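What follows is a group of structures, each given as structure tokens.
First chain A sits with chain B, and in the next complex the same chain sits with chain C.
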Partner chain A sequence: MLAYAAKRIGLGAVQVLAVAVLAFALVELLPGDAAVALAGDQPDPDNIERIREQMHLDEPALARLGDWLAGIATGDFGASLVSGRPVAGLLVTALEPTLILAGLTLILLLPLSIGLGVAAARRRGRWPDRLITTFTVGLYSVPEFALAVLLVSVFAIGLAWLPPTAVGVPSLLSEPAVLVLPLLVLLARPICSIARLVRAGMIEALDSEYVAHVRRAGVSERRVVLAHALPNAVTPATAQIARTADWLLGGVIVVESVFVIPGLGTALVDAVNARDLPVVQGIAVAFGATTVLVNLAADLVAFRLAPRLEVAR
Partner chain B sequence: MSHPSATPHLSRRVVLGAAGLTLGASGAVLAACSSDPDPEATEPKTGGTLRAAFAGGGADETIDPHRVNLFADAARAKAVFDKLADLGTDMAAVPRLAESWTPDPDVTVWTVKLREATFHDGSPVRAADVLYSYQRIADPEATFRAKQDLAPIDLEASRAVDDLTVEFVLKYPLAEFPNSLAAFGAYIVPEGADDFDAPIGSGPFKFVSFTPGSEFTAERFDDYWDGAPKLDRLQIVVADEESARINALLGGQVEYAHDLSATTARANEDNDAVALVASPGSNMLGFAMKTDRAPFDDPQVRRAMFLLCDRDELVESVLSGRGLVGNDLFGLGFEHYAADIPQRERDLETARTLLAAAGVQSITLDTADVGSGFTEAAQIFAEQVREAGIEVEINERNADTYWADILTEGQIASYRSGAMPIASHISQRLLTESPTNLTQWHQADFDELYLRLQSTADATEREVLYQQIQQRLHDEGGYLVWGFADWIIGTLPGVHGVEQAPANTLDWARFDKVWMD
Partner chain C sequence: MSPEPDLPESGRRGLDPDDLSHPPGTLDTRGAHNATHPTPGATSPRKRRTVLAPLVSGALESRHTRPSDRRNSLPERIALAALLALPLGIALVGPFLPVPERDRTQPFDPAAPWPGTDYLGTSVLNGVLDGGWGIVVTAAAATASAFLVGLPIGLIAAATRRRWIDELLMRPFDLLLALPSLLLMLLLASIAPPTAWMLVLIVALVNLPDIARIVRAAALETAHGPAVEAMWLQGESWWRTSIGHIARSILPTVAADAGVRLVGAFYLVAAASFLGVGAGPEASDWAVMVDVNRGGIFLSPWGVVLPAALLVALAVGLNLLFDRLLARKAAA
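And then the complex of A and B:
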């Protein structure tokens, strides 16, 4: 287990470094150069020259890459071109709402989706299974933005039960009502995909030789399902759960913009709109790091749930 | 969406256009007929918190008033700070912290008298504060937005005559110097201010709190020189998506939603839950032709383009009818606008003859997705030009570098401009030395004419020159101006005193005169 973890962590570090280099290179590849893009509809040559100096674009690219990587290693992502504030500080501010949403979504997602999957599998082919299957397939095909618009117009504007956006709310946790609609939208699709994976895994596990053996030994059905079948049934879903966690931690842009939640997705859109390249680069590295971390965690969990998988690698 | 017959639309627009033209001559009339539909005009009430939703810039937003860039920045800055002057609805400079300005006969030395005003900490606004603020903006090492507008001032030679009098010495004659005092971002801060964590200004609201990308709160400043605001508190919140702003308004989370789309306006026209305030003429839309190269170096070919453009169709389809038809001149409804020049109409036959005589067979039209309706307008105009038997190739450029590219490259390009005084439009875009001379309009005699205008102290004589300059541009200039988009704001019905005003003018996002039921 430890050797496996060490190997995966080393690989992850290399991946993050690669993302950092790539984020730097992409900015280099901008047509014209970054200063032209930054000047926007004020393409006054003096203005462009000033931006160029400000960004040290007149220095060789390799030297700038070295400085930037050295900065990242010490937590210094440079300063925003727009406000002059440290990029690291902006990342931390934007991370809070994203973490709250992602955390709450995952806390609700796991019991709900696993519960639905297990329930469907245990009543395979009967009406609860068919109901759950119809529901999950149907809901899965509704894109986030459509669901968000629908929920807002019905529950926030039509019935006025819930606030339509989180506009001006100082912290999401201080007014939990604003979280209801975004959470529903974020939960909708992952619940469907994970429930279906769990259902399939559960059916396979319940049909397996070892479950039949446990049953013959007289273990209660409840214990058979929860202690013996479930760990195996959930293993195939861990990759999907990791993908969902990664998606959530990236700040789901559609949900953030519809509900006015100033998370990482919004930060990225704002930085791109303002052509604030140091912030764009910083966010790219942050996204790379979370993806690597989440997948690392998922692999370790899967390894723990079903150690035999390592042999297959 | 239904497609009503063209006739009623046409007549409505003619009426609107005419209204825009006449009202434009007097900002006061325009303001008077706006907003408050209640004829008995009940006594304004004091109190309440108004929450206003603007698009913002996320965690990168700043409250340094000299760094304003976005609409949200400007709305916050004008709540807390004042400028010496601001632009009226017709773009004429209106005195604010300046009580009066008097030029010498050469219009190179301007004496500005300050009114008695106080900063929020109780200290008076003095000439030294004005000079400090302008020096900060003009810092050659920094990139403050108003730097270029203040460039004519020789700050070394300018001085404080006494606490309430500033003498500005200019580097050259400038009859329209008050426009510079009204420049975007030219706010007056207390002498020495460089840290704006808890900004102190002389504006109508006192700073309370600010979280970048989220909210800004300010409260009434009772000693405001222009009369204390009616509202207890003003809160500016950030919602980048237009749909989120209208949802927040419909859901009662805000009382004011800035910058709504024509589509939203159309959908809510008959909705009693919102009041729409549309300001005509706010955003110019057109095409810029390069006058220094084929085929548009021939004035007759430029004229053919003017004649091929079906402006009504463009306004109807690109702006959903929420706009005014342009007459190839910037600044419809603004001070000095040449409203007497007859409206250009489509004339396919003449255009065809002109193009045949010039031997033009094809053109390349540059566009990019840099604003709503930008590429759509290019497509529609291309169709209109094709009707004359001309081949039109649409070259969709990279949006990131579009503005820099079209400055030097291409033949004809999609173009837009926000509101600014006509003099600023000319000095930034139409002189040989202009920084963004998009139409490559290099005419020594035109430069001369503008120089003469700026050195003419007499207003009547200057007006003649304004008309002359615009007639020239209308006849053979490189800007084809097909329309002006409305600027649309939504409020809840109980909000009063929100005026029609182009963005970044005095009455735009002005909350010190707003009150609520």
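And then the complex of A and C:
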């Protein structure tokens, strides 16, 4: 376990480093003079000179890479080209809504998807299973924004049950009604994939000889399903739960944009559209590091559950 | 976006010896299953609802009498065909349909004939008819080019006998996979010029790691199997071994994966258009329509609802279709 953990943590560290270097390389990949490209719509010499100064573009690339990495290590991500505020400060203020969305989604995701998967597996081939299977297959990769605007037009505009956006809400937690539609949209895709995996694992487990044996021993059906079949059925889903972090971060970008929630995703899209590269870089490093950490944790948990599986690759 | 959830399930189905001889999907077949494998303790295999067979306690043979998970009834097929035909038809034929020219009126005009006007005052109908083509073609082109590059990379990585080539080809993808795909796309789009071709390239690049890994994983078994060892000992050329034998052996896996990739590319293209990256400002596909008409959703909801509904229908239809094909291929 220790050797595996050390190897895996090493790989994770390399991945985070690579993400940081990749984010840095964005500036280098800009066509032509980076300062001119970043100035975009306002190519007056003062502005270009200011950008060049602020991003130290006249220094050699390697020196800047060193500064950038050292800055990340001390929590200094540079300053926004648009507002001039430090990127680290922007990240911290935008973090809260995103954390609330992602955290609540993860909390709701596991019981819902496992419940759906088990329900479908126990009624295999009958209408509840076919309904659940069709839904989970069909909604698997529906674009979140399309789902979101459809839900908004039905529940917020047609029926007027829920608020359409989060505009004017001081904190997401103070008005839970605002959260309902964003959470539904965020949950749709991960639930589909995990429920399918749990269903497949559950069917396998229910068909197994050990379950048949437990049943013959007179154990109640409830205990058979929950205590004997379920733990084995959930193991294959662990790796997928890690991938959910990837989708969740992607989904958050779209969902925040649709529901006008001032989180990391909105900040990223705004920064991309304004070519505010320091902010883009900072958010990319934050997102990349989160994904790497979640994957790392999931791999270690999966290894602990089933040590013979080499999960890394 | 990942094909992993599909592989184990279909893989097991593929290995099931009963399913090899009996095409699943009909009740009669399952009756035949039970006739050949009578379950101990069951009074009459014909009377029992065979679907429940594995739940009957003590059914040791249940693993071999596993019924197929999906049945294709006629209404389901019709529903699926309708779900696919409507958005695909509009996407592919729409741009060539003659539309009665209407003068521009005010934006989001509630008095305009159905389905109303968009943020510029033109008819939503025009946008809906013209807006599907770009998304569908971009997604298809991105998938094709991703396979064009990913297939050789995965194949070479699997077929090579030098480990460092394998590592050199595959390790960079591990790093790319550490980034959420939508984030990677936004990053690339933040520095690339916004043209349609750039969007194709970016989506292809985002899909590349997964494709290369799956091709490599599928080819690895054949590449180190006895047949290839024998060909190698006989001094067959590298081309003949890798293209003639290994590449042919992974075709079914690749074909199954292509469907999953196409849906994934469709998702990415739509999301990118919606967020306003990739496509230029003059582009007007369904995703862009949803974005630009959002402001008038209270006045003229159809400008948002129609394109969004078409996108959802297309995604759901493609998902269900490829899932059916995958299940049938695994069973056949």
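As a working rule, the second predicted complex is superposed on the first by the 289 of 313 C-alpha atoms of A that agree within 3 Å, B and C clash if a C-alpha of one lies under 4 Å from a C-alpha of the other, contacts with A are read in each partner's own complex, and residues count from 1 in each chain.
Following the convention adopted for this analysis, a residue touches a chain if its C-beta (ideal position, glycine included) is under 8 Å from a C-beta of that chain, and two chains touch if they have at least 3 such contacts.
Because the structure is predicted, anything quoted here is derived from the model rather than measured.
Contact with both chain B and chain C is seen for A:157 once the two complexes are overlaid on the shared chain.
Using the contact criterion defined above for the overlaid structures, shared-chain residue A:48 touches chain B, although it does not reach chain C. In the superposition on chain A, A:250 makes contact with chain C only, while chain B stays out of contact range.
The larger set of touched chain A residues comes from C, when the choice is between chain B and chain C.
Judged by the touch definition given at the top, the superposed model places A:106 against neither chain B nor chain C. In the superposed model, A:295 lies in contact with chain C only, and not with chain B. Of the two partner chains, chain B is the only one that A:262 touches; chain C does not reach it. Once chain A of one complex is fitted onto chain A of the other, the partner contacts of A:280 are limited to chain C, with no touch recorded for chain B.
The intersection of chain A residues touching chain B with those touching chain C, taken from the two complexes, comprises 30-31, 149, 152, 157, 164, 257-258, 269, 271, 273, 275.
Note for the complex: chain A touches chain C at residues 11, 14-16, 18-19, 22-23, 26, 29-31, 122, 124-126, 130, 133-134, 137-147, 149-150, 152-153, 157, 164, 193, 196-197, 200, 203-204, 206-209, 212, 215-216, 236, 239-240, 243, 246-247, 249-251, 253-254, 257-258, 268-269, 271-273, 275, 277, 280, 284, 287-288, 291-292, 295, 313. Per the touch definition, chain C reaches chain A in the complex via residues 1-2, 4-5, 8-9, 12, 51-52, 54-55, 57-60, 62-63, 66-67, 69-71, 174-175, 178-183, 186-187, 189-191, 193, 263-264, 266-267, 270-271, 274-277, 287, 290-291, 294, 297-298, 301, 304-305, 307-309, 311-312, 315-316, 319-320, 323.
Chain contact summary for the complex, chain A toward chain B: residues 30-32, 36-37, 39-48, 50-51, 54, 80, 82-85, 90, 93-94, 149, 152, 156-157, 160, 163-165, 167-168, 170, 257-260, 262, 266-267, 269-271, 273-276, 279. Of all residues in chain B, those touching chain A in their complex are 51, 53, 56-62, 67, 69, 143, 148, 211-215, 235, 237-241, 243-244, 247-248, 250-254, 370, 398, 400-401, 403-405, 407, 435-436.
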